[in-house]
Each structure stands twice: as C-alpha cells, then as structure tokens.
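Here chain A shows up in two complexes: once beside chain B, once beside chain C.
Up next is the complex of A and B:
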C-alpha cells in the first residue's frame, strides 16, 4: 500500500487529473474575455493578367492581382490563452454559372504571435509606415513594435497570392468583395474563427468587408512590378540568409 | 454453496475492472460517433503548419460541417498514402451537381502555413483540388502531449513524414 510504485502511480494519476482540469478551465475561460474586433478594408488597385501565376501552371490563365488598404484593431482577440492569430484576407467572387455559390480565395495572410509565443521565423512583422523614419536601434536590441499587437495599418499592400478561377477566366467578374477573417490558435482548447454575430461577450466584427468591386478587363501588357506579389516570411526560408526579406538597399 | 459464493464474489470483484476497461475501449468509438470522423485524434508529425502546430501536438477533429471555408484546417487523406496532410484551405470553389441539388462538391486547395507554395504538387497526378478526402476539420488542440506517439512510430518502419 505504501510501496514506491503505488506512490508514483498515485502522484502521476493526481497530476494527470489536475492538469486535465486546469487545461479545461483555461480552454473554457476564454469565453469570458470580451472581444470587439474592427476592420476596414479598401480596394487600392486590381489588375487582371493572362499568364502563368503558379509554378505548376502549364497553360496560360487569367489571374488577378489585388492591392488593398487594411486598417484593423484585433488587440481584443489576444488573451491569456492566445498562442497566435492567423489573419487572412480573402476575395469572394461569384462563379461563372449562376447556380454555383461564390468562390473564395485567400490573397494575403499574416501570423500574429501572442505575448508568450516563442519566436518563429513566420511571425508577421508590421512594416513601418512609409512617411515615418525608422527608429534608431541599438545592436542586438529588438526594435519596439510600431503598433500594439493586433493593430494593423497597411496602405497599398501587395497581395501574397494571386487568384485564379476554375474556369480559367477572371476578367470582368462583378460583385467581388474582400473580407477579413482570422483563426485564433489557443495554447490549449478550441480553435475559433471570425464570428460575424455576437457570442455573449464576443462582439461580431465591425466592418471587415470591403465595398463590392469588379475585376477589370485585361489591360495592355502589365509591368512586372505592378503584378508582383509579396513573399511571406515562410517564403524566405530557403534563401541564403533568408530569414529577413532583402529590401532594395540590401540587408 | 461455498464454491458458488466464492465464484460470485470473484466475479463481483472483477466487475469494476471490466467496467473500466470497457469504458476505456468505448471512448474511441464514441468519439468517432460524436465527431462524425473516422479518425478524430491525430498527432502532428510535420512542421508544415508551424508556428500553429508543432511536431508532437495533438489535434482534435470535427467532421459535421456542411461546407468548408477558406481559413479552415481540413485533414486530407488521399487513399494509398500512409499519412494525411493537415494544412489550411486557401481556395474554395463549389460546383452544384447537374441535377441542381445543392449537395454538389467543394473544390479545395490547401497550403501549409510554413510552406512557401500551395499543395498542388502533392495531390495525386491530375488532381487540382481536394474534395472527398477531407476526414475532418481541426477544431481542438492540445500541445506537446503527442511526443510519445511520435517516438513510438519513429522506431517502426512507417516513420512519420510530411
């Protein structure tokens, strides 16, 4: 009754029960943290090009490059159980046939880390606004974040992905909207996505959808810089010294 | 009389043990029933979804969705592959079947958060999208606890990959 094995077993069993209960309480406690996300999305420019947008494209198809402005405050999504927020902007566009529901495609995404999340190369670093000068940083000291966690203000942002349609044609598509979505990844518990309506203390997102717009006709030959995409942090992994995107002035 | 009583005694002593064992054995089918998924618990075995999921995390699936939206995390298991892929849906189209029923199919393109490009090269030859191979969406998450399972599988021939 008092042998070592039995004692170890009892301790382990008690530890497991307590850990399970603590994890359960943490997972459920997020619902009492009030949330009030807001977002405003504006279309800046959209171009439709005929070409090969993906590395595996073997035939030419029409694809769209959508530049946008994004202003959002998602700081209330971060609580004690938030490991990261996967933020994405999706384009919702109707199908070519009237009976099919609309298609959706993500054009931009960002990974916003929570306060205690261990550093990862893919964490989104907010670009500094173009008119502000960069603050001087001492060597070895991380520069302070420009905005508080969860606030994003982007102007004329290039997309990360170009969108295509299964029909291969995208020009002159009407009733296209850009919509913001997110996925809150907890330390333990349920993953939650953006809620449009109010769930108790969690208010639905205010704004978050752009005005409807149309995809234009294919213009003349588009300049390469105009329809370029922006590589995410995960795209710089394989380059030599590629943990930081290389700007025009070099590293 | 004596032997009958002792057999009864032994059986009634063993009953709690049987109840516990069968209770534990029932958990898995019950979980499959509640989540409507053939395989409701997985251990993450690749780094393709970092920093959301690291190797050794446990993910819980739910398969009662009517449709999948971009941003969801479907678990896609192509037949003949040893392991499924757990990636994010980045593109969703829907085709209503010709007879007009709305239970047509969704065409889904996935991409791992930690991958530079989408998964199209990993789909079977000729397939551009995923539809029927989704065995559930990731809805729950427990960190770190799956490491023992990864160690066990690394000793066997089917080592975890992708």
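Up next is the complex of A and C:
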C-alpha cells in the first residue's frame, strides 16, 4: 500500500471480492422467500386443420388450435431478485411409439416483468376483461396493471402458436393435457424452473395441469377466425427469412 | 528543474509511511466490508435490488476517495534515516574522486 497505484489495485481487488460475496448471498436469499404458485387450466375448444408450414411447401401437415381458460396466481414468484418470469403453456401428448417420451409443444407464452424491470415492448400486457373499457396507454409508459403482478385470468384465450407433430399427423390423439410451466429469471443467481414437489419453503405448483382430452378428427372447413392465433408483441418484428410482420397468422 | 521533477514524482507516486500503509489496509477492509453488508441488508429490507447496487457502488467510491490519495493522516510517522557516522579505514573511490 506504499504508492497510489498499489492502493488503487488493492481497493479494486477487494471490491471484486465483496461484490462476488454480496451477489452470492443475494442468490441464496431467494430460498427464504416462500413460494406457493397455483394455476387452473381448462380446455375451451380444440380444432385440427390441415395446413402448410410455409406458403411454398408441398407438404401438408395437421395443425391443432387449442383455446383455453387460464387462472393463475404466481405473485409469490416475484421477490426482490426476480427480473422476469417467462410463463408458458404446453400441450403434452404421448408419442406414436410407446418407447419415446411424451411430446411437448408450447401453445402460448408470456413475459411477466418484475417490479424493478425497466419497460420493454415484449412484456406481457394483460388483456382487460370484456365488460371493462380498455385503458389508454402511451408508448414507452408502463400501463397500470389490471391484476396484481403475477396474476393472470384469461377466458377463451386463443393460442399464440398452432402446433403440429414431427410425424405431421395430429388428429385423433388421446390423453392430451395442457400444462403450465415457467422460468423465474433472477437479477443475480440461478434460473429456476417450475417445481412440482415441495422444496424447502417453496411449495410445488397447485394444479397447473388440465384434464385429459383428445384431439378431434379433421372436420369440414374451419372458419378462419376459429383457428386464428394471438401474436405477442415480439411477433411484430421482421426476422431473417421471415414473412412480413403481420398481426395475425393465416393458413 | 530536477526539483520540479522530484515534486511531480512525489505527487504521482503518493508514498505513505509504514504506519500509514497498515492504516490504509485496515480502512479498505472495514469500509468495503461494511458497504457490502449494509448494501445487502438495506436492499433486502426495502426489497429493492437497485438500492443494494447503488449502496455498494457508493461505498466503493468512498473507499477509493479515502484510501488512494496520500492524505496527511497516512504520513504522521515518517521513518527517518539513521544519522551518519564516520567510518575509518575504508577508502571509497568513485570515478577517481574520494567520497568516503
């Protein structure tokens, strides 16, 4: 510590040690925040249609369009170290051969920001219930939330993604369930997935799986609005090799 | 000219005495450690992780300010040279000049 340069180096060196230790303690502190997530998922309507993966494809595949109700309270997932929660709803169905594990496909997802997260265009904005008037929001300003952080109540929600199978065949599948999953993305520390069982102060998710249902046979020509998908804000962007940024995906 | 250069070097190097070095080390450890602990607990109580970040960075800036410049506090016990004493029987010769 005899000269200025040595003192700068020593202070900075000890600062990195302190910063690392504080970050470690923050990462561990989330385990003493009790969690008790709950979710109820109901199937509303399911249709299977034939379609093509893209406009110039010769191959025709079967696509399932699943509408659902979702009531979930994930507010306990939000603590001081939660940056955002990536929430997704997946359809889980047995594969065609019994030796393979069940197939999973995401039909809907949302990014739920924590209290400290700065505004971002891809954050999920909860749709207002039908009977209420839509609050006006300015661009770049956080709109006032309709429900408390982490609560979602959706009725007859359209999926964001139509799903297909690797075999291209999806009609008449049985034992399909909808299951809610999430990632808790912290500011500092480990990425945590949804836990099914209790783990310390963290309770496993209550509910979170729909009842079993079957995919129907391909019916007559489905109405276009019946098989429309919802697009998140992140869908309104051009990507390499992609189509134009369109509001709704048509088949 | 030499005097000015010497002064400039003294300011740049910022030397402190031995007691000052011990004190500077102590102050570094105490200030940074306290800043880390306070930052965590204040942030945890307020459930605001940005508070933790800013308290931690503020404490670090304070430590730099307190320790890096050669404050007079760190030069209170200068170590003096031993007094010179005559040595006989040795001839020291530098470039043909007698120096000792």
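A few comments on the model shown:
Everything that follows uses one rule, which is that the second predicted complex is superposed on the first by the 219 of 251 C-alpha atoms of A that agree within 3 Å, B and C clash if a C-alpha of one lies under 4 Å from a C-alpha of the other, contacts with A are read in each partner's own complex, and residues count from 1 in each chain.
To be clear about the criterion, contacts are C-beta pairs under 8 Å (C-beta built on N, C-alpha and C of every residue); 3 or more make two chains touch, one makes a residue touch a chain.
Quantities reported herein were computed from a predicted structural model and do not represent experimental measurements.
When the two complexes are overlaid on chain A, chain B and chain C sit side by side with no clash. Applying the stated contact rule after C-alpha superposition, one finds that A:187 touches each of chain B and chain C. Using the contact criterion defined above for the overlaid structures, shared-chain residue A:56 touches chain B, although it does not reach chain C.
In the overlay built on the shared chain, the residue A:15 is in contact with chain C alone; chain B does not reach it. When both complexes are overlaid on chain A, the residue A:80 reaches chain C alone and has no touch with chain B. More residues of chain A lie in contact with B than with the other chain of the pair chain B and chain C.
When the two structures are aligned on the shared chain, A:166 is found in touch with chain B, with no touch to chain C. In the superposition on chain A, A:2 makes contact with chain C only, not with chain B.
Overlay on chain A (Cα): least separation between chain B and chain C is 12 Å. Overlaid on A, the two complexes show chain B and chain C touching the same residues of chain A, namely 187-188. Partner chain A is touched in their complex by these residues of chain B: 50-52, 69-73, 88, 90-96, 100, 104, 107, 113-118, 120-121, 138-143.
Residues of chain A that touch chain C in their complex: 1-5, 7-8, 10-11, 14-15, 18-19, 21-22, 25-26, 29, 79-81, 116, 187-188. Within the complex formed with chain A, the chain C residues making contact are 12-16, 20-21, 24-25, 28-29, 32-33, 35-36, 39-40, 43-44, 47-50, 52, 56, 60, 63-64, 67-70. The residues of chain A lying in touch with chain B in their complex are 23, 54-56, 83-84, 86, 88, 90, 95, 99-101, 103-106, 111, 113, 117-118, 120, 122-123, 161, 163, 165-166, 181-183, 185-191, 193-194, 231-232, 234-235, 237-238.
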